[in-house]
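Listed after this line are the structures, all set down as structure tokens.
Look for subunit A in each of the two complexes below; its partner is subunit B in the first and subunit C in the second.
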Partner chain A sequence: MARVTLDRVNKIYGYGPSAVHAVEDLSLEIEDGEFAAILGPSGCGKTSTLRMIVGLEEITSGTVAFDGEPMNARAPEQRNVAMAFESYALYPNFNVAQNLAFPLEVKGVDASERQRRVERIAGLLQIGELMGRRPRELSGGQQQRVSLGRALIREPAVFILDEVLSHLDAHLKFQMLFELKRIHQELERTMVYVTHDQMEALALADRVAVMSNARLQQFGDRDALYDRPANRFVADFIGEPPTNFLDATVVHDGGAPLLHVLGSDLRFAVDGERAAAIEAAQLDRVTLGIRPQNLTWNTDGDTAVVGATVDFNEYLGEHTILTLRDGGALFRAIVPPNVDAGEGARVELHYRTRNVMVFHPETDEFLG
Partner chain B sequence: MDTNAKRIVVWLILIGFGIWVLFTLFPLYFMIITALKPVEEINRMVPTFWPETFRPDNFRGIFADPGSLKSLIDSVIVASANTALSLFLGTLAGYALARYLTGVVGENLAFFILSNRMFPPVAILIPMFFLFDATPWGTDSYWSLIILYLVFNMPLATWLMMVFFRDTPRELEEAAYLDGYTPLRAFFKVTLPLVFPGMVSVAMLCWIFAWNEYLFANLLTGTTVKTFPVHIPSFAAGSQTLWNFVMAFSLVAMLPPVILFIALRRYMVRGLSLGVVKG
Partner chain C sequence: MSTTSQAAFVDRHEADVSERDAARVWGTSARPLPDWFQQKRSRGGGLVGAWVPIVLVGLPLAVILAIVIYPTVWMFYHAFHDTNMMSLFSGNWQPVGFANFGYVLTSDRFQDSVSNLAFYLTFGATLQVLLGTALALIIYELVRPRWLQTLVLILLVLPMMMPPSIAGTLWKFLLQANNGAINHLLINLGLMGADQRIEWFSVDLSLVSLVIADTWQWTALPLLIVYSGRVSLPPAIYEAARVDGASTWQVLTRLTLPMLREIIAIAFILRFMDAYKFVDKVYVMTSGGPAQSSELPVYIAFQKGIREFQIGEAAAYAIIIFVFAAVLITLFLQYLKRVMRHQGVTS
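Coming up: the complex of A and B.
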């Protein structure tokens, strides 16, 4: 078991003009026994980060420590970590059972115990019938589960899982998420889970580290990411459909500031906290963000209202997504499936003023 | 194309292949019948294409000279020892180039090593003679040929093994490190089995080169050590060339590589396609 600390870690591949700065000044503290996820678009440095944690990649600068003890100089085999690779890395000469048993064999676990653990993990991951097959005789999703099983079969200080569910169908993915969560609760070991699927990250992890362009954007739990995103990128990346962003000018209509969306008649009110933040920043232009979930059809009274024209109505069974327009401004809202809002209809939507997020128009930082 | 035209094309291709097969197999056929003829029949102005008198005894006759068997044994010793050494050095060097020298330096070094194989061997004939003459064991020894052939075989072995190692995913070794293997153990237990078919092909190529080499063997050795290509001219004693003995002996000398090739062809095919098809 271990608390994993990254302190201003950098990774630069290559030299000179062709150098790639893959991880930039990354500081992260993952608690002992925590389930942490690293979330970010392709190429943002997730795998590079993992490889530095386990010791497969040299750390250009900074420190990786387990329980406060620096690991930079330790070889991978001395770090007591288990990793599932994005590329599976199954041994082609071994069958599934041998692949699963390999880490135990190296550690000198005796044959009957090996057998027991292999069967248990195969049961959990639903690969019991595949035991005698070679990796090349398996589908992508099957290989992926064997690779995950090989990582989960030991009980190391830290589990590192790199996109381990990306090739599974939605149904199987859901079951595997559940199993992973259960294994984590059972073993109470630190897990670092990398994905570019926010649903997986939010479903599994206690806290999610959102990365973009080699930098950590925010490390926080679900509520923090939803309600207090560090910047526009996080607000955009977390949540489905993505947050609506609208450029707005700040107008002072007697007392509280209003956000007047450019090129339209839309006006959003903000609550006191946000108003104060805008005042403090002395801005007359801001980027306004509001999640489609927070623009509602019905109201319980404590809300403000905006009106717009329906541009497009997507009926999705459990709900309907409305694409709305007012002047040049486009935004989306999630409404109940049965609402009567045909294309071209004029509708009113409700929102809570505290759900209006305000970002700095140039730095994209979250103001409040 | 209509079916008629197709059929004509197929026939033309078959005829082409037929001619090609004739060209390659006819010399072999002529070797075999010559090996079975008596000398008088060979020396006739109009050659016979089927022996009038069969003389299978020729195959016993060649071994009347004790030098014949010894030359084959010498060839086996030189070829096998050189192959073992080439493979050992080439595998280690190829691995180092594939995994640790991946930059510009590695590329150039690998190309330099391969380029050793590209210049005409005659260019180094005389220097090599003086070099080996200066060694304690002299030119006429097993060691001189075993080491000399490394000049040709090691670059080939290094280059091919490097290509094979590049095609084996590094992550397999990395997974083994994380499970507690040291780099050395991961190399032997995880990576080497994957390139084994490739190693067999490389061994085969090295062995055949060393088995057939004549130029250097003829110049450097000939008394203490005498490989079979150097031994063949001894059947041309005096004014008379015993072509039947030459052919019989050549046929015997062809057997070891042919047998090896047939025995190992399963690995050869897989090994030679290693670099082409990944997976």
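Coming up: the complex of A and C.
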């Protein structure tokens, strides 16, 4: 059980002109017992961050602390962390039971106690019938569970899971997501989960740290990431299909400002909160963002309306993605599967003014 | 791709398939052979003349027959005859049954050479593999900069690049009792009195000298094999072991050595098989002496056959060695098969 604190952590690989700044001024506080995810595209520094938490990578500057106690100088085995690796990293010369027991064996736990805990973990992960097999005789999903079991058996303060589901097929991944969640609830320990898959991160974690270009972009729960993204990157990265971004000029038509999308006749209204933010920033141009899910076909009355021509109609079974055009502006909307909107049709879509996000045109920061 | 061209593609594809199926079912080609092929056939009776395959297969077959099969048969024949220099040239050799084998197997010379071989295998080949393994792991774990690792490896591998006979000559000089560098070194290091000499080529030590020279030259082979095996072990396993809290000793004995077991065994088998043809250094350094104290079976076969023209006896030696080697190679292949099955290379 531990609270994990990262304070202005930096990681620089190499020296001189070839140096790579992999993690830049990262500060993060993961609560005791929390399930946190670090999410970001490949090469954003998330794995470096995690390796610094575990102690496999030296920290260039800054502090990693567990429960306020700095860990920088401690080797991985002194930190009481357990890690499940992306490549599983099972010991090929041991069978499953020996793999699970190895962390206990090196600590000198006696054989009967080892046996008891191996059986408990095997029951938890439903791998009891695999005990005598070698890693190469297991399927990917089974190896995955064994590697998870080897991390869990030590009952450490912090669990680190590095892209552990990335090699599983969709069906198995879904099942493992559920099991991970169940294991976390059962053990009530701090878990840090690293992934590039937003679905995994949002499904599992209490809070998600979104990283990009070596920097932490935002650390928050899914509502915060979804509705109040810190910047354009987060808004773009979270959500499928990605958020529509449109450059717009701010037009003061009497009272509330109206956003005119450049190169088209699209007009978006904003609610009072956003209007105030735009006023405060004193901008006459902004980047407007609206999620495809928030442009709806039907309306319950409390919405504004925007019209455009259908460019593409992608029928995906559960829903249809419309790619729409008005002048030079292109954007997408998710509509029910049965709508009558062929290519070239003129359609009207509805949105709530509070779902219009406004970003600074240069810094890409979220204004409101 | 537009819908129409896609449909056309599918049609064409299906036509191909049905044609092929027809050919398979009726045993005929549904399509006529191309014109150029038929013309060639009708004019020349085939793409190439009938003599071409006969020559292409016959020539190598003749060479193999001449340099491999004929001498082997010849050897087996003479192993059962009393052929020596005289009878070989006069042509009147007599069949003697298994007398040659009986003579060889019961001779002190052969039995001594077998115990010499056992000594060489135990202290030569085994020492080389143990030393090579230890060096490989030390270099991998302790020499940190990559370039330095490569440099050390190149330096250690250099002796292997030397022809064995040259290495043997070199060590013959180094181990000379009076002026040899090794004795001088021992005196200068104070390990031995200035008037003392180690007789490296005495009856007691000549085999040890051979082992020293051979170990100097060949330790690099198991070293390279084990080093490459260690390099190919996934680093994540070692990170997992660190996080799990395993000590360096535990990592070495519970993970690294067991994971390298097959690799080390293969290095050992290679050195073991080389031991059978260990002639060059024996010839250059000791000529099997003094008093046959450093002779190995292959060296005796070479002496008997090429030096003394005791053809029948030499052939018997060769066959005995051949049987030993065949047994060894069979065991080796069995082991290799098991390793490969173990690692999932074959079913």
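Quick notes on this one:
Keep this in mind: the second predicted complex is superposed on the first by the 330 of 368 C-alpha atoms of A that agree within 3 Å, B and C clash if a C-alpha of one lies under 4 Å from a C-alpha of the other, contacts with A are read in each partner's own complex, and residues count from 1 in each chain.
We take it that a residue touches a chain if its C-beta (ideal position, glycine included) is under 8 Å from a C-beta of that chain, and two chains touch if they have at least 3 such contacts.
The model shown is predicted, which means the values in this text are computed figures rather than measured ones.
With subunit A as the common reference, subunit B cannot sit beside subunit C without a clash. Once the two complexes are laid over each other on the shared chain, residue contacts for A:269 go to neither subunit B nor subunit C. Within the superposed three-chain model, A:77 lies in touch with subunit B and with subunit C [touch as defined at top]. Once chain A of one complex is fitted onto chain A of the other, the partner contacts of A:246 are absent, as it touches neither subunit B nor subunit C. After overlaying the two complexes on the shared chain, residue contacts for A:9 are found with neither subunit B nor subunit C. Where the contact sets of subunit A with subunit B and with subunit C meet, they give residues 54-56, 75-77, 81-83, 85, 87, 89, 91-93, 102-103, 106-107, 136, 150, 154. Interface of subunit B with subunit A (complex): residues 169, 171-172, 174-182, 190, 193-194, 279.
Only residues 54-56, 75-77, 81-83, 85, 87, 89, 91-93, 102-103, 106-107, 136, 150, 154 of subunit A touch subunit B when the two sit together in their complex.
Against subunit C, the residues of subunit A that register as touching in their complex are 54-56, 75-77, 81-83, 85-93, 102-103, 106-107, 136, 150, 154.
The touching residues of subunit C, counted against subunit A in their complex, run 234, 236-237, 239-247, 250, 254-255, 258-259, 261, 343-344.
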